[in-house]
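Here chain A shows up in two complexes: once beside chain B, once beside chain C.
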Partner chain A sequence: MTTATATLAPKAFKSELKPIWCPGCGDFGVVQALYRALSAIGRPAHEIAFISGIGCSSRIPGYTTAYGFNSVHGRALPIAQGLKMARPELLVLAAGGDGDGFSIGGGHLPHAVRRNQNITYIVMDNQIYGLTKGQLSPTSPKGLKTVTSVDGSLENPVNPLMYVLTYGAPFVAQGTPADLPGLVEIIEAAIRYPGFAFVNVQSPCVTFGEPEQQIKTQKATMESLEGMGHDPGNLIEALDLSRAYGTTLHTGLFYRSPEPPPTFDSLVHERQQRMMADALPRERILEQFIQR
Partner chain B sequence: MSPTKGFDFAGLGLKDALDLAVLIEEEARDRYLEFADQMELHHTPEAEGFFGYMARNEEKHRVALASRRTELFGDAPGTANRTMLFDVEAPDYDEVRAFMTPRQALESALRAEEKAHAFFAAALLEVRDASVRVLFEELCAEELEHQALVQGQIEQLPPDSGLDPADFADDPVGQ
Partner chain C sequence: MSRSLVIGMAGSGGDGIVSAGESLIGACASEGYYAIMTKSFGSQIRGGESSCRVRLAVDPVLNSGGALDVAVVLSWDDFLKFGAELPVSGRAMVVYDTRTGVAADDLPLVGVTPAEVFPVPISDLAREAAGTDRAKNTVILGLLAGWLGIGQEATLRGVRKKFAKKGAELIEANERAFHAGVAYAEAHPTAESRKMDPATGSGAKLLTDGNDMCAAAAIFAGCKFYGGYPITPSTEVMQFLSREIWKYGGVLLQAEDEIAGIGAALGASFGGKKAMTATSGPGLSLKSEVLGLATIAELPLVVVDVQRGGPSTGMPTKSEQADLFQAVFSAHGDVVRPVLAPTTVGDTFTTTVEAFNIAEQYQTPVILLSDQEIAQRKEVLDPIDTSEIQLIDRTLPTDAELENYQRFQLTPSGVSPISHPGMEGGNYLGAGIEHDEHGAPTASGRVHAVMNEKRIKKLGPLHKRDDLFRIEGNENAPLALVSWGSSAGVCREAVQLAADRGLDVKLLVPYLLYPVNEDIYRRFFASVVGGLVVEQSHLGQLYRILRMYIDVPGGVVSFCRSGANPFRPKEIVAELRDLALGLQRTLGESRQPQE
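Showing the complex of A and B:
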């Protein structure tokens, strides 16, 4: 059962717990955007479950009044999917960082995409492992010098946008706390989308991040996809634009499938209904095994 | 990028203008309270004290504006709400750092006051209602006064040590 109330203020989703993120962290903007998006959605906190992995950003469920589970490294998606199967009526959100989602949890992402459950997955991508004090992450740019790459990284970064688009995600967007109104819109649209919605947020690490990744630089350099005239129904164009990940900060909706494919939960439900309709009544079950 | 959403300044009446002004002060108060908490958590007591002081000031302004709204319009419902504001007078989240100096804290407040002044000055170009114009001119002037007050406090501060707050961060470790 769901309740839609348009009167829930953003504050209704803010918990008493005070964030311990470094002052200046991009994640403060992300959680603010989330409060506002949830307020616009209008479902009360007790109908929302928020699952995260491990990392700075994975603390985010605790800063909301939703039911939360700060789970195991890289395992936000499996837990969120299990929860959505068991309690399809809940609004299920998953969140984590780029290391959590694309490295240790990288194996789960394509399966979550192809399964297409009605879950919104928000990744706070800061291109670094911040909680453990600045090691290379899967999205760190090539050449980045860190304590684990003193002469610069030799690897190309993972491109999360292209990754999920090619696996067939029906909703793919990118935002930044440098554009709070835009981020609110993206998260709200993702939650409203009936299927797996992926939101990559370029949320800078103020302590170990690069100067050009910080909010002031993002404000000056970001490019709105809507402003460029991008049609979010055009998958080929979305894929082409996603190639600029790491060089140009595109914000907004890359792709939204114009015809949302059926979700895994709805297919399971449909199959359950069909099997129940064809099922023998309880008193006749033994007929399948005993010849009279 | 506009720091508000859904306001038509050309058609704005006094009730909604007062509500907007109240919400701007409330948003700034809440942000300064958050900053004070962050500074407390990250062992930066001087900045914590200053942000707490700013939060109390914003609250004073909010109460004064809210009283005017009640006197003029009672409990009549308005259309403005917090989801329509995006850091009008509230300093941006990336303005603060662990171990920031009192000077840096004051400078962040100064930028917030400048931002608020720019907002009201830009809105005044669109406002048509005479009473809203008077209110926004008054608020614009107040923001200038606040800027002067903060600037005065900055000038009284001793010079910073020249150390970067980042120098106080723990050294990164390999794993």
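Showing the complex of A and C:
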């Protein structure tokens, strides 16, 4: 099935659909980075399946030439996992926003992590609900005033990086369209990683986002983990650094398990091979109910 | 001699009553009898009271039967807790442990005097023969084998098999307990012979329950993915598949919740594989958003709902047929979603395969509405001939169609060839958002209307599927029964009983509940003056759905009640008789000479 060719240009992954995103939306950068990463990977589009939920960012599969599934709110991960179990030979990507992944679909994330399928999950985290026009999101900072928190949010935001690290994800990274080459590199590394790879992208909302979250500010303030000398094999250090989520924009690789654990898909394959030997033929399945 | 017997047993959790029932039905099956076994428990996880009913017969058994012919009581307190589930009739023999301290002429039964009463020192026999009280259930098997003449060798074989892993000592102890029971029965013969007629059926029989049958059918149909979450009374579907599906190249996911279970199954179907999830009412409520997604994304999916008493947690271990509205109407928008219902353990096989066929052929989610009664009862049945069963796979695009592929192409039938990831040229965007023929999202009212029409039109052929209905009885009969699910098995016996009593009744059993095949009901009702739509729910949900689509004759009324205790054939005949008499009176009045 896998036919790796190095000749696929980034534009081979760009579909004819025109994005609905507002001009200047960070998600344009994410999809550009994805085209380049997929070009570097070299798998043809029909061997790639891209699953998303609902939200501005969940429109992204339609802007690629891969098989896409823009599903329902919060359910990208279960659908992606079922697909990957059914067709482990595919390159499976999942994507969505912070509301999709950490709020309505938040219950799925720890389980997707612990199953450790070879899936890359990209969250476009803009700390706001954009599609529904500017309500509080699970990553909105405490005190944020929005149309549903007129006097300011009373809740602490979730820390997606720390969550996913503590769930046990073997690959955790953060990027931003403010550093496009860096984002390409992160997404490509995530796809190449043999296991569940989580990429949080601080993708600003130009319409409802805060001024300090915009590309210009990000460019001025972001800090490269590599530049800081962070060792991505050090989980404790990664956890420590993840505490800065919401205050400092760290980019790059937080954690990559130096010894990738076996994936769910490889364990399934091993079990199937072992058990197929003593199966009744499918047409004779009822024989096991015969009472002798 | 008897052609049919209903045996009911009750005791405390540790007494092994259900295990005795399982040994008994196993022996019946190897002897060539037909049988149905149901079990019932108190609400405790462990301990508490437990009971089972075994109905065995020379002829195929259609339901779990009415009042008991034989009652076995290890504890009267426990037995009486089951009330309507274990009714003792005047023709019954009652066997009870003398250790209960109850006098034979002072049984705690109200308004009924059983034909024969046997106080038996069951516990003492067990201790003497096996050295432990725990062999009480094996003594009971010996008593029943002795009194009812059910194969001793077959019962013993079952007992040996059960203790095979526990060592020779335990096997021998139980053999002694069994023989002690047989000897006691032979020394104390019944006044009236209660021996079963010899079984006439030849050849091996199948013994299983509806949930295992459903799971086996899924494998037969080529199901390669199961995603689900444990929920009573459907969990055995997942348990069976967790042992089996891998052997057939499939995968099973015990998901983190009901939504993930159906989501993963839908993902597998998007990947081109046959997929299933199973649940009960509360789980179906949670799954409904993804059901809607499967409809608009036009993906095949089989969703099993093993109904239990509702709403909410309701009665998880009791049967009810009150999820029909949910199956038909859940998920928003203009949707037609096929709903099928099996009526016995045996036809759960063909109905499940049909669910896969319809799902694949029409690219739609299909709900299989089983119910606790058939899902968890054990049934002895004849082997099923599967050689003629056709399996349908989804229509893939041809190479020519992949040239300029349109996933949701408008075709005369409404069904569009479906690709899946991995197929070159078949790339498309699947979506819950409304889309055009290519799959591109749209907010056009015109496209939305066209696509709604496509998705509903493609199911049109289902309205003509007369083969998904069973009709019995004289086609010109003025009286009628309509029933579905486990209640249909009761109605089939009621029709025979009614015929014996001179009532001219016919029966319609839909396996396809929705969409409604208007024609078959119209034809069926053409001769009908009066009848009952029999279903185990408070509202009578099928009756109400039929009235949405068909002019149901005025004399046809709903005969329904809330779940837990199944209908009995006799009460249906009695209701039908009352209905007929009422219609007769009206007819008589209308024929009075006018002043």
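Going forward, the second predicted complex is superposed on the first by the 276 of 292 C-alpha atoms of A that agree within 3 Å, B and C clash if a C-alpha of one lies under 4 Å from a C-alpha of the other, contacts with A are read in each partner's own complex, and residues count from 1 in each chain.
Here is the rule we go by: contacts are C-beta pairs under 8 Å (C-beta built on N, C-alpha and C of every residue); 3 or more make two chains touch, one makes a residue touch a chain.
Just so it is clear, the model here is predicted, and its values are computed rather than measured.
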item: Chain B versus chain C as contact partner of A:83, first or second or both or neither; value: second
item: Touched partner set for A:181, first chain B, second chain C, both or neither; value: first
item: Touched partner set for A:258, first chain B, second chain C, both or neither; value: neither
item: Partner chain in contact with A:233 - chain B first, chain C second, else both or neither; value: neither
item: Touched partner set for A:279, first chain B, second chain C, both or neither; value: second
item: Comparing the two partners chain B and chain C, which touches a greater set of residues in chain A; value: C
item: Touched partner set for A:271, first chain B, second chain C, both or neither; value: second
item: Contacts of A:24 with chain B and chain C, given as first, second, both or neither; value: first
item: Touching both chain C and chain B, counted on chain A across the two superposed complexes; value: none
item: Chain B contact footprint on chain A (complex, rising order); value: 9-11, 18-20, 22-26, 28-29, 32, 36, 39-40, 132-135, 146-148, 177, 179-181, 184, 204, 206-208, 214-216
item: Chain C residues within the chain A interface of the complex; value: 26, 29-30, 204-208, 212-213, 216, 219-220, 222, 224-225, 227, 244, 246-251, 253, 255-257, 259-261, 263-268, 270-273, 275, 289-290, 292-293, 297, 349, 380, 383-384, 386, 420-433, 440-441
item: Chain C partner contacts - residues on chain A that touch it in the complex; value: 1, 15, 17, 44-49, 51, 54, 59, 61-62, 65-72, 75, 77-87, 89-90, 107-108, 110-111, 268, 271-272, 275-276, 278-279, 282-283, 285-286, 288-292
item: Chain A partner contacts - residues on chain B that touch it in the complex; value: 1-2, 5, 34-35, 37-39, 41-42, 44, 81-83, 86-87, 92-98, 100, 166, 169-175
